[in-house]
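The following pair of complexes shares a single chain, chain A, combined with chain B in the former and chain C in the latter.
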Partner chain A sequence: MKHVNRQELVDFLKPRLNARFQTWIEICAHCAICADTCHFYLAHDRNPSMIPAHKARFLNEILKGKAVPDEAYLKKMYETLYYECNMCRRCALYCPFGIDVGLLVSLQRAMLHNVAGLRPAGLEAAIENYRQFGNQMALTEEDWVDTLEWTIEELEDDYPTLEIPIDKQNAKIMYTVNAREPKFYPQDIQEAAIIFNAAQEDWTMPRVGWEDTNLSMFCGDLTTSKKLVENTFRQADKLNAKQVAITE
Partner chain B sequence: MELYHDYIASGRIKLKEKIKVPTTVQDPCNVIRSGGLAEKNRKLAEMLSEDFRPMSYQGNYNFCCCGGGGAIPMGGEMRPHRMKGGKVKADQIRETGAKLVFVPCHNCIDQIRDLNKEYDLGIKAVHFKEVIAHNMVIPEHMLAAKTEEAEEEV
Partner chain C sequence: MDFYAFVEGPLTWVAILVFLVGIVVRAIMYYRTSKKTDKLIHKYFSLKWVLATYVKWLFPANVTFKKQPVYFLLVYIFHICLILLPIFAYQHIIMWEMSRFGWSWISLPAGLAQWMTLAVIAIGIYLILRRAILADLRILTTAGDYGLLVVTILPFLTGYFAAHATLGTTGFLAENMQLFHMLSGQLMLILIPFTKLSHMVLFFFSRGATAIEFGRRDYSV
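On to the complex of A and B.
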């Protein structure tokens, strides 16, 4: 864990605290209406430390100089932000001020990642693969195209005319998937292909930019996040596809 | 999921039969609350089912399965936390009495399959496309064309 001082955290937050975030932090009345909206709170026998608003507390503590960001403090922050919130945004629907704790948790996670270098190992592994291969499962372009090809061959007996058009120009839909599909669940790709063929959809799957997960977003690694989105939309532009569709 | 809904609603895909066992559907946070597809998600589940049973809070107000926000790819370190926090979703599913749960999200489906084992729910969790691909009418053009080509070659 990197040693950090409070000023570094403040410096990270300041330019990111837009009017909305600033208002939310200041306006929260600690009314606890959000408590019952949270599955963590309910599943933990209504433990007050699981109340959504409480999970945004680090922002005020840091900004107002009440926090000493030592190892124990950062660890507590990590556990709260990762083990006690899925950023599902349900609490935002019930808050009388519309405070979106999910987004505040996201901002705090980004602070941990960017300033303290703290992020879950699982996400770090995915990020490494994203950077190197453009997908979380470390598949090469060759692996990917091979997978699409044998996926179709397997279906040949039942659906002799079935096709997966790869990198087709001007298609209406460019279909992208979760990298777990070519790696673990190729039947997902087969089922989608069967449906698109049955519907006689004008579709294609791209050679690159086909990964539609973006796990780097969950720890606020926006550099990697942006690259992934760009991969997909650059390819959609190149193919002149009308829409990008993502898997279930 | 939206495409699948539109194919079936417009008749572009026709179904041979509907699912007979009781079903329900998960509302993945990112697709529903943030993505705005609550209505089509439920409608698609209804079109595929004879006995659709909504969860409590079905739609935009549904609970998270506790697999979101990176919880699944975090692996072992998160597992006990998501099993505990997922109790709310497990209870919601059990309440419906459903035997088949449509789950249009990779994160949610991994989580709900884990919850099924952890809380002994006796359900099967599936993506929509699995059910559609198996229950739809296979149109002529998908079966015939190659035979014609073969004949032409002769």
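On to the complex of A and C.
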């Protein structure tokens, strides 16, 4: 595990503490009202350490100098942030101050990723794929176009006129998918194509920028996140599409 | 000038000024920081959502109240008494009348004020005990949480003792109760801008910001 000192964590947090975050970590009244709004708390027999407000404690500990970010501390932080909160933000609906622990967890995850280099292995693999291939399943452009083509060929008997327009200019809708679809569930793409054709929509699927998942956001890797969004919108601009639709 | 006169005079003004300037500065600081760091809140600012959320949460018209009505009713009473008593206790208004400003306004009936004071003390003690007993609260609680509860209750406890001579009229404590009352009140006023008690003003910003974000997405504000 990478060695981290507290100052590095503080340096990461300081410029990212916006007015809301600063206020939230200061005024949280520790009233525990958020406790049973959390499904982790309820699923763990009302274990107090699952209280949402408790999951934001690392911020105060680090900023106030109470934390010693050794291996055990980082591990505890990692487990809390990834396995005890999925940032559903339900607690925020019940907090009298409107404190959004989901966003505070997101900030802490970003700190772990960017400073300590910690994130789940699966996420790390997906991010590597995003960076190299622009999608989480490591599909090349050739794989992608190939999949679209054979997927339609399979439907030839039932839908002889069906086609997926690839990189069509000036279409109304540019349709994007989850990379798991071309990889594991091409029937989802078939179904979308059938619907678009039946509805006689003016649509297209792009050669690049077609990936609409953005898992890098889950660990606060905003560089990769930004790149993915840019890929999609750059292509939409290039094709002069009016709307970008994402898969269900 | 003896110590009593100092506490009653200059120190009181200092405390009131620190409190007033402090909360105004906190509000300005939030506004200025958020202009730079929370652009979305300003971009999507909607008075409708902000006012709706204030009404919902300043009155018992929210989901959380329904979840724990008894606790929340007590907390509402605690806050109402906490705010009204220092402003409308007739003993305080007399002080304002005698001050250089000569201001005067309507006061709470003495009997009601007495019950309100007891309510603050009783609910305050209940909040402390709850914090000490319940596992959910214990894991979140810091020394500061207890400290601020004590700071909040003390002016009311000493005020009650001073007004009713509960501890008699002799002895160090009883003879100086007025002094302790002023000191504890000043401590609380001075601490408001610098501690969690700043939620007195920051509540409105925090609540408002979340309402703007939730409101535009059609969630409950």
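The rule we apply is simple: the second predicted complex is superposed on the first by the 248 of 248 C-alpha atoms of A that agree within 3 Å, B and C clash if a C-alpha of one lies under 4 Å from a C-alpha of the other, contacts with A are read in each partner's own complex, and residues count from 1 in each chain.
Following the convention adopted for this analysis, a residue touches a chain if its C-beta (ideal position, glycine included) is under 8 Å from a C-beta of that chain, and two chains touch if they have at least 3 such contacts.
These numbers come from a predicted model, not from an experiment.
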First (chain B), second (chain C), both or neither touched by A:Ala32: second
Partner chain in contact with A:His54 - chain B first, chain C second, else both or neither: second
Partner chain in contact with A:Leu93 - chain B first, chain C second, else both or neither: both
Partner chain(s) touched by A:Gly117 [first = chain B, second = chain C, both, neither]: neither
Touching partner for A:Trp24 - first (chain B), second (chain C), both, neither: second
Partner, of chain C and chain B, that touches more residues belonging to chain A: B
Chain A positions touched by chain B in one structure and by chain C in the second: 93
Contacting residues of chain B [partner chain A, same complex]: 1, 3-4, 7, 12-13, 29, 33-34, 60-64, 66-71, 73-75, 77-78, 81, 84-89, 103-106, 127-130, 132-133, 136, 138-139, 141-147
Complex interface listing, chain C residues touching chain A: 30, 33-34, 37-38, 41, 53, 57, 62-64, 67-68, 134-142, 145, 196, 198-199, 202-203, 205-207, 209-211, 214, 219-220
Residues of chain A defined as touching chain C within the complex: 17-20, 22-24, 26-33, 35-36, 46, 48-49, 51, 53-54, 92-100
Residues of chain A touching chain B in the complex: 39-40, 42-44, 82-90, 93, 102, 105, 120-123, 126, 136, 159-162, 173, 178, 180, 187-188, 190-192, 194-195, 197-201, 213, 215, 218-219, 245, 247-248
